[in-house]
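In what follows, structures are represented as structure tokens.
Each of the two complexes below includes chain A, the first together with chain B, the second together with chain C.
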Partner chain A sequence: MAYVSMGEAHRRITEYLNRFCGAVSYQDSPMLCRLLSFSSNSPSLLSLADALNVFQDASILIRQSDKFSEYGEILAHLFRSLQSYRFGNLVEAYLAFEKFANAFVQEFRNWESAWALEALYVVCYEIRILAEKADKELTSNGKSPEKLKAAGSLLMKVFGVLAGKGPKRVGALYVTCQLFKTYFKLGTVNLCRSVIRSIETARIFDYEEFPRRDKVTYMYYTGRLEVFNENFPAADTKLSYALQHCNPKRERNIRMILKYLIPVKLSLGIIPKDELLQKYNLHEYMNVVQALRKGDLRLLRHALQEHEDRFLRSGVYLVLEKLELQVYQRLMKKIYIIQKLSDPARAHQLKLEVIAKALRWLEIDMDLDEVECIMTILIYKNLVKGYLAHKSKVVVLSKQDPFPKLNGKPVGS
Partner chain B sequence: MNRRSRGSSSSSGSVGGASDSCRRRSDVPRNRNNDNNKGGDSADVSFIVGTCSSMCPERERVTRERLRDLSVFERLHGNPTKSSSDLAVKKFCRTLSAADVQASDVRPLPVLEETLRYLLSLMDSREHPFEVVHDFIFDRTRSVRQDLSIQNLASERVIHLYEEIVKFHVISRQRLQSCSGASISSMHHLNMEQLAKTLTTLYNIYDVNRKPDYIYENEAEFRSLYVLLHLNTSSGVMGEPLSLWFRKLTSNLIKSKEMCFVRKLLRSYRNGNYRSFLRTTASEATYLQYCISEPHIREMRSFAVECINNVCYKLQPYPLLRLSQNLMMKYIIFRSWMLNLYAMSVVLRYVLIPMAALCCQRSRQASAVQRKVLKTMI
Partner chain C sequence: MAAEQKATKEEVKMDLFEDDDEFEEFEINQDWVENEEQVKEVGLQWEDDWDDDDVSDDFSHQLRKELETISADKK
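And then the complex of A and B:
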């Protein structure tokens, strides 16, 4: 930490105070954003922190002038938070920032127009990030992490402030997205429900009014929730919307959307091109897609096992497991095609014994009873058209379209 | 006794009022202060330390004797107005405010252990019908959980108590099915509710004091019960979708034998593979897992009959014996189940299933009706 003289410290603090009060008086939102953005680690904020440390009690300076003391409470908490942040005391930094945020939101309420909306966004963002860091610190000290949860409550409060008739209401979606990020991190996604309900049913909100960036994020998270609940058509709609409207330059975001969209599309029988997987570095899905194309059950199982951890963490594992039936369908189709080549007259008869043999080649051992069971399910769920003759141990395929495509509907619907 | 405290883990920070601890089964006991005592500090000012030395606090016993509010199990020589310290067990009651609770009314851990041991010994009692036994143990174990929660107890001994209580709920669930009576279905519902709550608390305690990479002795089995309760996506017994739930498990747990077993079951169930489901259950399920899976076993068997009925060629009937083997049912039981279906269908005059074999209906409309019939049979 650089050495700072008393005089220099005095100068820096006063300069910040002037900037802050100026920003508020002239409604200079971008300036205010810069002044509040701790996580940007800007040199001016860091040097301010050093100055505060030297000066010890900046409240004297604040009280000196009426102009400053008007925002006395806000500034005092802000300074304390910045100091703690500089020294890596993240729990203390969070606590002070929370107090600052509360005071700031109160002021924000009193400002008639929505000029400070961007600054409010910064506050919401910072509080979430600080809370995450504070929780990390708590767990590393063997204590229980609770700050992110507290940040969630504060964000809900901000949401309440924005959920009104005035121009400030367009900010509600941004705060919603911050809430989503918080709840997803905490694992308490059921809490998303109430805020989703507010956005989607409250009459003050007109969805089209919200900024595009926020709409994309919103659709991404609600799409993910649909994936968790295995509501594939809804998930498809939402995630596709997010993909369509996402800025094409934001490759990282596109990758995140695709990570969830691909399993959903696969469940609906739609297979992505390899180039797409390559472009966005989604190698984990390559073998899955390959297995679906070839009807290779062994490859599917192997792929699931290889990336088990990753798929479980992102919550798509159970979705991918269900692709097994489609893989079986593909395998049956292949057997049918091969039979057609050698003996077209009898190709539509699939002997259970032949199917069992094919599975053995894939190193999957199944007795005839289980093969019969699988075929029964495939026919029942309309993945195969035909019937089963139990005594002859044969599946007789329909002459027309024996392997119907899913056409965008999930299996068995 | 480990007392790991956690910060406010619930929505309201207030302790009194409606948010009394005996109703909040799913919360980890919470610390009113934000400071954390690193384990070992037993001078925890916010939680009561129980001092009641018998299964039931003296003054409660006396009051209930006077009011003739004694369960059959608590009566001394059948006398409805007299009990004893060996027989009376503290009843569950919703305390309106935690501040009203006195230390002399709360039982410390050793007494709770003794109480639970006694309660569970009554499970095999033949003197009374099972509904009565269940009702008593249900209520009294709820009170045990209440005492554990008020004192914020969480240690390996406590884990063992919760595990035993879960077992009770699971076994009850099975035994209640062979009982009859008007109140059985609501008993069943309440039983499932408390099963869910006990499991949630148990999972919280597993998590609270966890050393990295460590899983408790029975943890894998008890975690696997959650999966079995959620095989069906639409039945949200405990609210959280499975995909989300799996995210939180440690890798040790996921790779454990019990979790691998239930995941295999889950896969079979979701894909409709009744053969694999039944076979896997038969070969690998523990008793507890089997009890919880029972409704799904019935479901898979019905589903199998439905599928086969739909899909099989009617001129090649499926022998009942073979089917009963595939569905792993004793032939006699299977045949009588099929006969019931037939009798039902004759009465309803909607579908015809010949006795000696299963016919298959090719048309979808007929099978839709059949499906309805089958569903009512489960």
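And then the complex of A and C:
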């Protein structure tokens, strides 16, 4: 912590106060944003924190002028938070920032126009980040983390303030996305439902009015939720939107979208090109794609095992596991085509014992009853068109289109 | 009791730092230019007609050999 003289401290604090009040008077949102971005660790904020530490009681300075004391409560909490932040007391910093945020939001409500919307975004972002840091501090001290949850409540309050008829309503989607990030981190994704319902059904919102960058983030998270719920067509629509409209320079974000979109596309019978997997470093999907292309069940199992932890963490394991049926379909088709080459007249008859032999070669041990069971499922799900001649232990394939393509629809729909 | 509490704390810790895939923030006051290139690129990323009748790959060759040994056994 740098040494600061009383005089210099006085100067710095007064300068900040002037900037803050000036920003509000002149509705200078970018300036206000800079004054509130703790996480930017800007030199001016850090030097202000040092000054506050030296001066001890900045409220004297605030009270000195009517101009400053109008925002006395807001500034007092803000200063306290900044000081705690500088000292690394993140729980204290969070608590003071929460008070600041509440006071700021009250003031924001009174400003008729939406001039301070971006500054409000900064407040929402900062409170979430501070809450995460505060919770880390709590858990490292053996205490129960609860600040991120509290930040979630505050964000909901902000959402409520923006959910009105005026121009401020275009900010609601940004706050929604902050809520998503909060809930996903907490693992309470069920709480997303109510805010999604507001965005998508409330009449005050016109989805098209929202800024594109917020729509991209929104579609990413709601797309992920659709993946969890296995609504693949909806997941495809949303994640594809996010992919198409995401800033192309933000490769990490694009990679994240693809991480969830690829299993969805595979479930719809669409595969990613190798170049795509290479470009965005999604090697974990390469063997899965190959397995589907070839009908190689052993490769699929191997691929799932090899990256089991990764797939489980992102929640796509079950989606990929279910691709097994499609790989079976591909394998059956290969057997059929191979049979056609040597004996076209009887190619449409797949003997269960031939299938069993192929499976055994792929290290899948099944007796004929189990093979029959799998074939029944494939037929039931319309992956194979035909019928089972149980007595002769043969699958008789339809002469027309015995292996219907998914055509962008999920299996069995 | 103490062991239980510790266990829940471990669980809580796990949940706390979950979500490796948090979307990065976009700059607030900047918007990016969307162009035709980007939209076209998406179309070039996926294949939906990969399910062909081609059995010239290694896997298919080996499968064919495997199936032929069945008919050989039968003869």
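Assume the second predicted complex is superposed on the first by the 413 of 413 C-alpha atoms of A that agree within 3 Å, B and C clash if a C-alpha of one lies under 4 Å from a C-alpha of the other, contacts with A are read in each partner's own complex, and residues count from 1 in each chain.
Note that in this section a contact is a pair of C-beta atoms (placed from the backbone, for glycine too) under 8 Å apart; a residue touches a chain by one contact, two chains touch by 3 or more.
Small disclaimer: the values here were computed from a predicted structure and weren't measured.
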{"item": "Which of chain B and chain C A:Pro211 touches, first, second, both or neither", "value": "second"}
{"item": "Which superposed partner A:Gly187 touches (first chain B, second chain C, both, neither)", "value": "both"}
{"item": "Partner chain in contact with A:Arg203 - chain B first, chain C second, else both or neither", "value": "neither"}
{"item": "First, second, both or neither for A:Lys165, with chain B first and chain C second", "value": "neither"}
{"item": "Contacts of A:Asp135 with chain B and chain C, given as first, second, both or neither", "value": "second"}
{"item": "Contacts of A:Lys391 with chain B and chain C, given as first, second, both or neither", "value": "first"}
{"item": "Which superposed partner A:Lys399 touches (first chain B, second chain C, both, neither)", "value": "neither"}
{"item": "Superposed model, chain A: greater residue contact from chain B or chain C", "value": "C"}
{"item": "Touched partner set for A:Tyr220, first chain B, second chain C, both or neither", "value": "second"}
{"item": "Partner chain(s) touched by A:Gly269 [first = chain B, second = chain C, both, neither]", "value": "second"}
{"item": "Those residues of chain A which chain B touches in one complex and chain C touches in the other", "value": "142, 144, 187, 313-314"}
{"item": "Residues of chain C touching chain A in the complex", "value": "9, 12-13, 15-26, 28-29, 31-32, 34, 38-39, 42, 44-48, 50-51, 53, 55, 57, 59-60, 62-64, 66-68, 70-71"}
{"item": "Parts of chain A lying in touch with chain C, wherever the complex brings them together", "value": "30, 33, 118, 121-122, 125, 135-136, 139, 142, 144-145, 148, 177, 181, 184-187, 211-213, 216-217, 220-221, 224, 240, 243-245, 247-250, 252-253, 256, 259-260, 265, 269-273, 275-276, 293-296, 313-314, 330-331, 333-335, 337-339, 341-342, 353-354, 357-358, 361, 403, 405, 407-408"}
{"item": "Residues of chain B defined as touching chain A within the complex", "value": "4-9, 34, 36, 38, 233, 239-244, 246-249, 251, 254, 266-267, 270-276, 304, 306-308, 310-313, 316-318, 326, 360, 362"}
{"item": "Complex contacts: residues of chain A adjacent to chain B", "value": "142-144, 146, 149, 187, 189-190, 227-230, 308-309, 312-319, 321-322, 324-325, 369-370, 373-377, 379-381, 387-392, 396, 412"}
